[in-house]
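Read from first to last, the chains carry the letters A, B, C and D; within each, the first residue is number 1.
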Amino acid sequence: MNPVNYLYLACLLFTIGATGVLIRRNAIVVFMCIELMLNACNLAFVAFSRMHGNLDGQIFAFFTMVVAAAEVVVGLAIIVSLFRSRHSASVDDASLMKL
Amino acid sequence: MSTPTVHSLWTTAAEPISKIDAPKIEYAQLSPTLIVIGAAVLGILVEAFVPRKSRYYVQAFLAIVALAAAFAAVVGLAAGGYGTTKAHIAAMGAIAVDGPALFLQGTILLAGLVSIFTFAERRLDPEVHGNRVDSFAAQAASVPGSDSEKAAIKAGFTTTEVFPLALFAIGGMLVFPAANDLLTLFIALEVFSLPLYLLCAVARRKRLMSQEAAVKYFLLGAFASAFTLFGIALLYGYAGSVSYATVASVVDGSVTTVDPALADTMGNDALLLIGMALVVMGLLFKVGAVPFHMWTPDVYQGAPTPVTGFMAAATKVAAFGALLRLLYVVLPGLRWDWRPVMWAVAIVTMLAGAIVAITQTDIKRLLAYSSIAHAGFILAGVIATSPDGVSSVLFYLAAYSFVTIGAFAVVTLVRDAGGEATHLSKWAGLGRRSPLVAAVFAVFLLAFAGIPLTSGFAGKFAVFKAAAEGGAGALVVVGVVSSAIAAFFYIRVIVLMFFSEPKADGPTVAVPSPLTMTTIGVGVAVTIVLGLAPQYFLDLAGQAGVFVR
Amino acid sequence: MENLIALLVAAPLLGAAVLLCGGRALDRVGHLLGTLLAAGSFVIAVVLFSDMLGKSPEDRTFSQHLFSWIPVEGFQADVAFQLDQLSMTFVLLISGVGTLIHIYSIGYMEHDERRRRFFGYLNLFLAAMLLLVLADNYLLLYVGWEGVGLASYLLIGFWQHKPSAATAAKKAFLVNRVGDMGLSIAIMLMFTTFGTFAFGPVLDSVGDTSEGKLTAIGLMLLLAACGKSAQVPLQSWLGDAMEGPTPVSALIHAATMVTAGVYLIVRSGAIFNAAPDAQLVVTIVGAVTLLFGAIVGCAKDDIKKALAGSTMSQIGYMVLAAGLGPIGYVFAIMHLVTHGFFKAGLFLGAGSVMHGMNDEVDMRKYGALRKYMPVTFVTFGLGYLAIIGFPGLSGFFSKDKIIEAAFAKGGTEGWILGSVALLGAAITAFYMTRVMIMTFFGEKRWQPDAEGHEPHPHESPSSMTIPMIVLAVGSVFAGGFFSIGDRFLNWLEPVTGHDHGHAPISAGVVTGATMVCLVIGVGIAWLQYGRREIPVVAPRGSLLTRAARRDLLQDDFNHVVLVRGGEHLTRSLVYVDHTLVDGVVNGTAASVGGLSGRLRKLQNGYVRSYAVSMFGGAAVIVAATLLMRAV
Amino acid sequence: MSFPLLTATAVLPAVGAIATAAVPAKQRTAAKWLALLFSLATLVVAAVVAVRFDPTGDRYQLTESHAWIEDFGVRYELGVDGIGVALIALTALLIPFVILAGWHDADPQETGAESLGSFAAGRWRPTQGFFALILLVEAMVIISFEATDVFLFYIFFEAMLIPMYFLIGGFGDRAGPHGEKEAATQRSYAAVKFLLYNLVGGLIMLAAVIGLYVVAGSFSLSEIAEARASGSLDMATNTERLLFLGFFFAFAVKAPLWPLHTWLPNAMGEATAPVAVLITAVVDKVGTFAMLRFCLQLFPEASKWATPVILVLALISIVYGALLAVGQRDIKRLVAYASISHFGFIIMGIFAMTSQGQSGATLYMVNHGISTAALMLVAGFLISRRGSRLIADYGGVQKVAPVLAGTFLIGGLATLSLPGLAPFVSEFLVLVGTFTRYPVVGIIATFGIVLAALYTLVLYQRTMTGPVKPSTEGIADLRVRELAVVVPLIGVLIFLGVYPKPLTELVNPAVKHTMSDVQKKDPKPEVEAAHK
């Protein structure tokens, strides 16, 4: 089937992820939405790689996964420490600094 | 797309397995990065094996030596002509070794070095339980105010991890402006972002704010990099490659062999334009340009001040470096598409930064907004799209980073019971209390304001000149207006320090160790020298103004 | 010999410098030094005069070039002097009368602890006045012109602790400045027309330019003259100027300074001759002032103000004469000189009277003083006879000539001017008689002064009486001396030129008419004041009287229009400057601040809203790039 | 290469500034003497410059030229013409008096340092700072009179704002009209206003400076002039006009020209008298000087194009300033508005584009500097005695302090440009120069001389004459130090009033050059007078 459809799917996923970032409160969920966006990108990479018939895209996808993993490590560390000190993972509670 | 291509894919995919030749890496030209990263790894081992008591010394020493060595390496490379005649693409096309790269790497390394000094400063806070303490949490993992934290403090723990983290960040920053394909670009971006997120979280005082800053920075940063990544994906989709050279050739249509797939995607400009827009947006986020600037004030305020200084300086340098390379090497063919957008961004950034700063009440937030305004000024230089533009931006970045680090270093000195006294009202009459510190800070403020005889003026002039010659006269006018507005709040601080009566319960000025003194001293020295006799450095930047492709 | 000219100015100038800079040390000798230097310059003047008489009328013009003052591209102003018969006349008058008044002041100011400074100012005045009449170009004349203005400012306000004095001084200076404006504009006009403003070149090349230009210059010069010589409409300061010590009034505001205007007009004769319109205006101004002053003089009870009015009126005569052109120049100057004598004399007399009467100035509180101060009475009397033009005395000759000249102007103009002059003569006779009677005749109407001291009138010391006597002699004989054989005419003619005009009526008739007027004037005055009791408190009087007491409402006009109007203008301007000019700037600053405050609100601390802005930004940028391509 | 005399004139005070600032906190008097010494030394060097300068020689003399920032096309180029020499002399002459007059203005107990309590009184050294800043300003002003490189000029034109700003904001009369606290706020308001006005002007000029470089490719006056002459550089009319406006705006703010003047009254009102003199007599002159040196030379066509508007603005300044001076209740603000009026004359003279006008304008700069200094400093002495700037608080001073009153009067007479005092010469030249080309303007301007008399005499009458007010009693007469300040100034005023020849001869050639720059000839008189 036509790989372009994968692109549409990628876009869809990306948008879903972005929307999630914008509307969800829980830091963990927000983070997951970001992961979703990254994976959307992966999908796009693979699809393009398929279209162009070279491997760069696929390689890129692997790197993205690694990066995503690293982000998880760092991200969770931060979010958890925040959660522990505030007993809430809501990003809206974390608004000491403003104006 | 029809089935034959699938087979062809398989075949093409199957074929070359037999002959993969080992990549050839020019270790010498990559030495700066390698040294720093290596030192960082070493730092991790130190964390693992060296006893707590001595870690601080080992780590600090290691970091300083590594940065110094890396800087030496950069100088060596530059002296070896790699900046000009021998400029070339290294590491299988992943890394460019050329003038801008080396200049920026040098700047980043120096900035990093002086920031490390402030990282290592432990004279500012009073000793707790007989232990000297720096500005980082005893144990970042422990809950603020919890027993475990108290215990950690009692035991005299310190977060010595900051040094390797900083080194990793610097390592990433070194690669960022040198990255010569989108993959390296992205990896470098993450490599220097992730440690920064962590560094933001480990302040000793005001830990809640620190953590909040980290969360904000992290979430927004990740969000932004997701966009970048998607942009990269689209560019890849358009050009069928991630290497700058190829993409560029495809973009300006100078590509030689066009297979049907490429022809197909090349036809679709949307891919290209959206891809470009998203990648650029990711970089604009890093430089803190409006409307992607909103993380800056909060993060700058919450992060430990030494980290803030480091971020404000080094991140900007790296990010602008990458932006320049992207726009000048990959997308010159699209000049007529991205210039108008950048125009708008630059104007909005200059004005918004300057205007919002007027009503700030916290010195760190104030500096954050000023950094936004400055990002706008630098963008004006970027838009020039001429060698002059490049060199002016390089010069501006060098000048600006030292002023920034110096300014934040001064901020660390002004303290009261709650740690740093960053609220402006506390700064009233500082000029009476300790004229020297106030004078130094005034020098930095004047440099920010771009008063002649300071590096700020030279930089601003260079950038505006380049912009004007690049036909962006209107931008210069806006820049002038916004610097007038900006001048207002810098002056406000000076008024506060010198002309208003000090409060009885005002903050005290801590006497720092030679470390911070060096930082501030270097800051002042660079500010004055680049103000009075910028010629040498302009030459440097001028020679470094050409990208290799 | 010519090099002495500079000394004329230098001597008093030196005096001024020494007296004003040298501290209290000089208090005891200051007045003597000042007088000495004044006398010195008189002596020099006499020397030069005799030397001049020795020469033939043609080469009686001395000149001395000191140094080039303002050398600028296309602009040459020198410090150079020119001494011809006209200047000579003035020099003698100024230094002569000046010296006398110095002497007089020694006695008059005896009890003033700031006497040294007074003499310093007097010397300063002499220097400036001499510079004025000796200058060989209009710019240097301007220097003297303003110099005398300064001196008169300082001297009128000499008793600065009296607010009235300070105000009067300021007023005098300001009104004069208005005149000076005229002079400077005139000089600028000359410069643009002739490329120079030295007397010689300008007056010689009058022929080469349009009458319009000359009229303009003439009118501007007239404006200057009006200021300095207290002619309508700039006369208002002279009355108040009487706040100054009496010697000042005598020297500056009677004998010399106020006549500078006449000098200016006569000196610029060539210009006026070529600009009949300007001349006409001059005559009109003269005529009007002549009556104006006279009327004011009738109503004043303050002896000095009465005399001031008369001064105004007499100068009106001179200006009138000067306006007549060559017919009148000589007589203008002649009347100026004789007036210098008798008016100075009268003022000194008045001063002497006040000296004896605890500085009382209200004539209604005098009376019967002739017994108590005989010398003053006699000298004052002679002056009186002179001014009303009693046959044989100075005023008779000079004034008579002017009236003749006025008629000789010819045409209706001549008739009008002539009759005005006659009328003036009558009024002069009236008010001077009034002064005379109220002061020296009738009953004592003395009142105790503020401190309650009864006045004990007594003759003044010789240092005061001698000058009075000398001046009296002058006022008796000068006129005759000048007129016999037209001495004065021949003396001045080379400079001013002369023209007999064509008198519609013979000189004899004019003289007769004058006499008649004189008798009428004196008569009425005697009927009014000599025969009946003079009330100590002034009666309300007719409308005209009351107006005249208030200088014919001219001050009220100034006050309402200029002072009040000016105050309103400045006040509103201050407001404008603060709210409008400054407001605009502050407004912009404020609005930027407000904008900042509003934008700041966007930074609300919520990650998600930041994310929104990023997302929106991304969307916008993408859209923009695509659109950029689309259009 | 010969001894860099011009650099020396600028460096000397700069060194002095550093030295003075370095004096330990306790040795206040030493600092004062040191500053005075350096200012006098500068005066000597300036005198040497004046002597070495040969009016009949080249346009720019004693030139120095060194590479500085090639990338910006900037060279360190100095050189003086007659106008420059005159103004350098003025500056060097005034500074010692300013220092002497401000002898006690910055003694700590006067600037409220004791309110700091114990902790920093040791390190806080206002006195050193005060005099160091004054010298610093002198250095920067002098070098901007010498710069023949636009960029070099611009740098110091801007940089001098900073020390001035600290001088205004840091040291004022203690008691303003409304007491200590209010005075402090007023002061910093004035300082900020001063800085912002001039900074905005400067920044707009910066844009123009960059524009000039883009157009001309050089900053050197001489090079640009040559390029123009050889025709290798011809600016488009509109570019030239825009650039001109950019430059002129900055200078007009500095000068200050209506309606950009409002910072001056605040600044002069709040600053101490010596600083006020520094502002109006020295720093502001850079603005008018620059109009003459840069606007006319670089953009002759645009200058001519803008002349009508500028003349009108100048006229407004003259009349408006004078009228507002009449309306002031504060002595210093009165002088400030008077200065605005005078700057109107200067600018009018410059743009009348006649030899007389421009020579007059130059002389005016010098004379106004000296006369205002005399008037303002005496006013300052008076104010320092009573601590009040309000005219209403004085009266009858001449009775208790005759010398003070006398000198004040002379200063006032100079301000109303009485003949015999220096300002008359310049004012008359300006008027004539303007009149020859623009009669109407000239005539309206002459109203200024009447108004000048009005505000001066009103001021003198209200403060000095009349019965002695209780508040005035016991005001001491001028002290020796104060006489040492005033008497020489008055001496100079009289000398230059009677014998301005040295000055005019210095200036004339320079003016000739400027006239040829703008290709204007003096209007010929209608009739060539008989024997001229």
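One rule holds for everything that comes next: a contact is a pair of C-beta atoms (placed from the backbone, for glycine too) under 8 Å apart; a residue touches a chain by one contact, two chains touch by 3 or more.
Source: prediction; values computed, not measured.
Peer 1: Could you run down the chains that neighbour subunit C and subunit D together?
Peer 2: Output, common partners of subunit C and subunit D: B.
Peer 1: Counting only C-alpha atoms to place each centre, which chain is farthest from subunit B?
Peer 2: That would be chain C.
Peer 1: Go through A-C and A-B and name the pair with more C-beta contacts between its chains.
Peer 2: Pair with more contacting C-beta pairs, A-C versus A-B: A-B.
Peer 1: How far is the middle of subunit A from the middle of subunit C, if each middle is the mean of its Cα atoms, in Å?
Peer 2: 97
Peer 1: Once you find the CA centre of subunit A and the CA centre of subunit B, what distance in Å lies between them?
Peer 2: Centres of subunit A and subunit B (C-alpha means) sit 24 Å apart.
Peer 1: Counting only Cα atoms for the centres, state how far subunit A is from subunit D in Å.
Peer 2: 65
Peer 1: Quick one: subunit B and subunit D, Cα centre-to-centre, how many Å?
Peer 2: Chain centres of subunit B and subunit D, defined by C-alpha means, are spaced 45 Å apart.
Peer 1: Where in subunit D do residues touch at least two different other chains?
Peer 2: 196
Peer 1: Considering subunit A alone, which of its residues make contact with at least two other chains?
Peer 2: In subunit A, the residues touching two or more other chains are 18, 21, 30, 91, 94-98.
Peer 1: Could you pull out the residues of subunit B that touch at least 2 other chains?
Peer 2: Residues 215-216, 219, 223, 227, 297-298, 488.
Peer 1: I'd like to see which chains touch which, written out pair by pair.
Peer 2: Pairwise, the chains that meet the contact rule are A-B, A-C, B-C, B-D, C-D.
Peer 1: Considering only the defined contacts, which subunit B positions touch subunit A in the complex?
Peer 2: By the definition above, subunit B touches subunit A via 1, 5, 8-9, 12-13, 140-141, 143-144, 182-183, 186-187, 190, 194, 197-198, 201, 207-209, 211-216, 218-219, 222-223, 226-227, 229-230, 232-234, 236-237, 240-242, 259, 261-262, 264-265, 297-298, 301-302.
Peer 1: Would you tell me which residues of subunit D are touching subunit B in their complex?
Peer 2: Against subunit B, the touching part of subunit D is residues 67-72, 112-113, 115-117, 119-120, 123-125, 154-156, 158-159, 161-162, 165-166, 169-170, 184, 187-188, 191-192, 195-196, 199-200, 203-204, 206-207, 210-211, 213-214.
Peer 1: In their shared complex, at which residues does subunit A touch subunit C?
Peer 2: Subunit A reaches subunit C through residues 18, 21-23, 25, 30, 91-92, 94-99.
Peer 1: Using the touch rule from the top, collect the residues of subunit B that touch subunit C in their complex.
Peer 2: 215-216, 219-220, 223-224, 227, 269-270, 273-274, 276-278, 280-281, 285, 290-292, 294-295, 297-298, 336-338, 340-341, 344-345, 352, 355-360, 485, 488
Peer 1: Which residues of subunit D touch subunit C in the complex?
Peer 2: Touching subunit C from subunit D are residues 196-197, 258-259, 261-262, 320, 323-324, 326-328, 355-356, 359-360, 396, 398-399, 406, 413, 418-420, 424-425, 428-429, 431-432, 435-436, 439, 442-443, 446-447, 449-450, 453-454, 457-458, 461, 464-468, 498-501, 504-505, 508, 511-512, 515, 522-532.
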